[in-house]
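Take this structure, written in structure tokens, and hold onto it; I'll ask about it next.
Chain naming follows the written order as A, B, C and D, and within any one chain the residues start at number 1.
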């Protein structure tokens, strides 16, 4: 009975509802975008009313928010942090830099397309995106979670070899532990 | 009536009540903090959603057997406190193990959890956890002094170490202990600020310094257990204060009002305070709170 | 022949034979050693009942040996812990040098302690006391490390204690004409006022040195940490209890007959309280496990002294219960340190980390003894501490309660430091090869740790002998209601029933352990301690991130004013002063005949000057 | 000020024959060109004998056309309020320089950076290889013959539609026929 398809649907609905309204964000402040997080969280825009709240460590976080350009050196840490997060987990790419390189399109040490290395669920474009845009990004993520479509983590597991190949191209000296999901 | 199953049912019911009330209070405190900061704030049931989300996390990691024991130790501490502290005045409901309620025993069972949790945090190997634990234990040494002074003052004044007896004294005389031993109340309330670990005493899990300290390697089910334990423990502590100083409560509504009033003290003190350093926090507790504790003992001895 | 002589002859003969047997092979020596401990112990418990007494005459001096219920209680500590420690020692000493000397002194210490408990006269008491002191002194300098500093400190303080005791014995002999303890007690009230004060002071000094009470404790940390750990477990566990044994007798007999006894009790109780506080604070500061446990021993003996000195039935019972518990858990903890030192070669927290997966049984023993030490229910230490608080409140020592409570809360700090330092934290490459200690070491530790659990849940097991012993000390049977196998009632009639609470604790614990383990079991993975969320950084194999330097630094900063003064320094100042005095005296004797001639002339001149004024 | 400067120039010239000075800068700046072997001794001299206690900066210029790298050490005297530039030229193919972090410890950081960014080898520099560029296997990126855009497009993935790196606003105009507002014109190419 508990494995019945309909009851599973109900459980999924409730769980997704909870996940949707409780988003603990690990803000990885890589670039200039980190400056947009404080206004988003504090009294002007107050993201906490949507259930969005900062998490201190990757073990507790649901969303990895990558705010800005990623150098090759930082990418290693970001991948590490992402792999330490517990399922279900989502990634938000924030700002033009994560989408197409932005103003760092010709830099010798920043990656340009984040979704080749990590499964991005939602992109927020803009340079910088205003807090309204950030909130709308979260709203979009909530929508995806509610529909069960925010399955980046699953994509990462399924295509781990492809992602690893891309990552190792940037990071030749690979010392990280195995990904245990 | 005395069957073991009935008792177990009582434990489960009081656990659920404590969990619900504790979670709601924590949600309300978030709401109140938000309103003080001129924000809208999350809904008051936000903590339930968070707990559900943590419970529905599908994967987890552990660093060894002590990490499983840590949350269990915490739970032992909070549930045992809940069982020993009488919830209501009339012994009919929620009388789990109240008749063994002894203040000294309670003091030790209340530190049981943090110590067990410290072991669990230690095994993760995260330096932040260990730093958080040392801060927490140091702070505990700080606030236990005024807290014990207040309790010893009560023991001296009323010649009992039983919480039930203290409640009965208040019911019989009609005077709350907050009026008959005010200094003890002040010392106990100041110690409570440290016990609840809101600002400025949130040095243990300071998210920006220590990445939430002892909890930093715990996610999903571990964090869920700790969060439930914290809410149960908060309820138990608030009930203890109501029992000791505000004359207990004869029904749940009265209990809720009184505990909420008590709960507002650390919350409202917290929202306007920045964070102390560890030694400042310890010295704070050994300053005025200890002075009031001494006053309470003198008052109890001479009056 | 009387069995008791047989016991002592077996001890002595066994000790010497074991010492000599080194040539016969290690196994023969080990077996002889164990037999020398175990056979007399067996004979003692089967053939020597409480109330046994024998008088005999050696060289014209009347001696009297016997055992009462109180001594029998302490014999449990001596022989029981001694047997466990002996098994441990056999494994501990494997492959070490000078095993014969170690075994000899081990056996002699056990024998001397049993002799102290048997002695009913002051002569044999003093002789056994000195045997105990000397055998322990040899153990302290056994390693040959730091003999100058630690050995001499222990020697000097033991000598002070021994001389104080000897002086008291001579005074007693001159006044009563007998060496019997009984005659001392019976005629104590007829002494002059000065003697009534002086004799307890001298005796308490002698006992206080062994019990490491506050101003006399400076030898303890060094001596405890310098002796081999197999011996330190009885050094701290049983040998220090001999001081408590003597103190209890002084307090319950002599000082309860005179009104000044109240002052003595107050002063000694406060000294015990300060010992507890400062021992704890210094223990928190130590980075070496041996030093930490040594200071912790000093602090725990402080509690016991408080209980014994207050002397109400409940307080006495608390003190004695804590004495038994302290013997068990501190004996275990020193064994744990010994095991770790043997397996890793160091006992420093800043060097060893993350042994929990390497030495799980040692960890279990350490965990349980530490919980007992911290006094957390349901393990043994709680019952003792709880009775101590009750007794202090009922006997109106309100500030002492706060002092004791402060010390026992601060004790959590070093308890955690001990567990974290050795067992938790990151697993290090350097200690990857470490194996669990041999079974002969682990089994005694685990059994002793199990005893703390048993005695915490069924304190009546040990409270009965304590009550019997207290009866022989003159406490009535009224405290019979204080104990039952499972229920403790306090003075005000409230009760804590330990068994249901124990079941509740175990039930909740097991339930939540199962809950946390079972929930999502398939998706829960073990990761190494290198896999931690440290800002996305991956610690390499040789990088150790364990937090072990400057542990509890903020706390120490907060209590820094209290720790600025060390008693050690005052003693050093006294020693320096004496040295310069001696130096001055030495300068007078220049070795030059001319100078002596001047001295003679000066003396004669002075004599001549004063001749008229003195002799008129 | 001028007297002071002439005095400094005289003293330097007296002690270091290969130093050629350039005194055409504004009032508190002096400029010396020296051989690379003289650099440590002149810096020592400036620091110990003449009170130039403070190392303001070390910088490097790539003279691609001349086949040389120029290292410039800027030191500052807090007493005289004068800064001295010490310039030296290194061979571009094999740039080797003496390590000077025993004179100023902060030079260590600059030297590690030059080692990675310009490929200058400092003899006796004791530091791990990786500093800013972890796992770098290309040519030194700050040299002028390093084509950064080419390298980036070779190494990193590109988002389609970003190939020309053109102005977005012009693209928008092309698509929708919208005018660029006046205030925005000065920002466009």
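To be clear about the criterion, a residue touches a chain if its C-beta (ideal position, glycine included) is under 8 Å from a C-beta of that chain, and two chains touch if they have at least 3 such contacts.
Remember, predicted model here, so these are calculated numbers, not experimental data.
No other two chains have as many C-beta pairs in contact as B-C. With centres defined as mean CA coordinates, subunit C is found 59 Å away from subunit A. Between the CA-based centres of subunit C and subunit D the separation comes to 69 Å, rounded to the whole angstrom. Centres computed as Cα averages put subunit A at a distance of 35 Å from subunit B. Shared interface positions of subunit D, defined as residues touching 2 or more other chains, are absent.
In subunit B, the residues touching two or more other chains are 57-61, 211, 216-217, 220.
Shown for subunit C are the residues in touch with two or more other chains, namely 523, 525, 527-528, 530-531, 533.
All chain pairs that count as touching, in label order, are A-B, A-C, A-D, B-C. On the subunit D side of its complex with subunit A, the touching residues are 132-135, 137-138, 141, 146, 148-149, 151-152, 155-159, 161-162, 165.
Residues 57-64, 66, 68-69, 71-73, 75-76, 79-80, 83, 97, 99-100, 102, 104-105, 108-109, 111-112, 115, 118-119, 122-128, 130-131, 133-135, 137-138, 140-142, 144-145, 148-149, 152, 155-156, 159-162, 165, 211, 216-217, 220-222, 225, 277-279, 282-283, 286, 293, 297, 301 of subunit B touch subunit C in their complex. Contact residues of subunit B toward subunit A in the complex are 30, 34, 37-43, 46, 49-50, 52-53, 56-61, 205, 207-208, 210-212, 215-220, 223. The residues of subunit C lying in touch with subunit B in their complex are 354, 356-357, 367, 374-377, 382, 385-386, 389-390, 393, 398-399, 401-402, 405-406, 409-410, 412-413, 415-416, 419-420, 423-427, 490, 492, 494-497, 500-501, 504-505, 508-509, 512-513, 515-517, 519-520, 523-534, 545-547, 551-552, 554-555, 557-559. Taken together, the subunit A residues at the contact with subunit B in this complex read 14-15, 18-19, 21-22, 24, 42-43, 46, 48-49, 51, 53-54, 56-57, 59-62, 86-88, 180-181.
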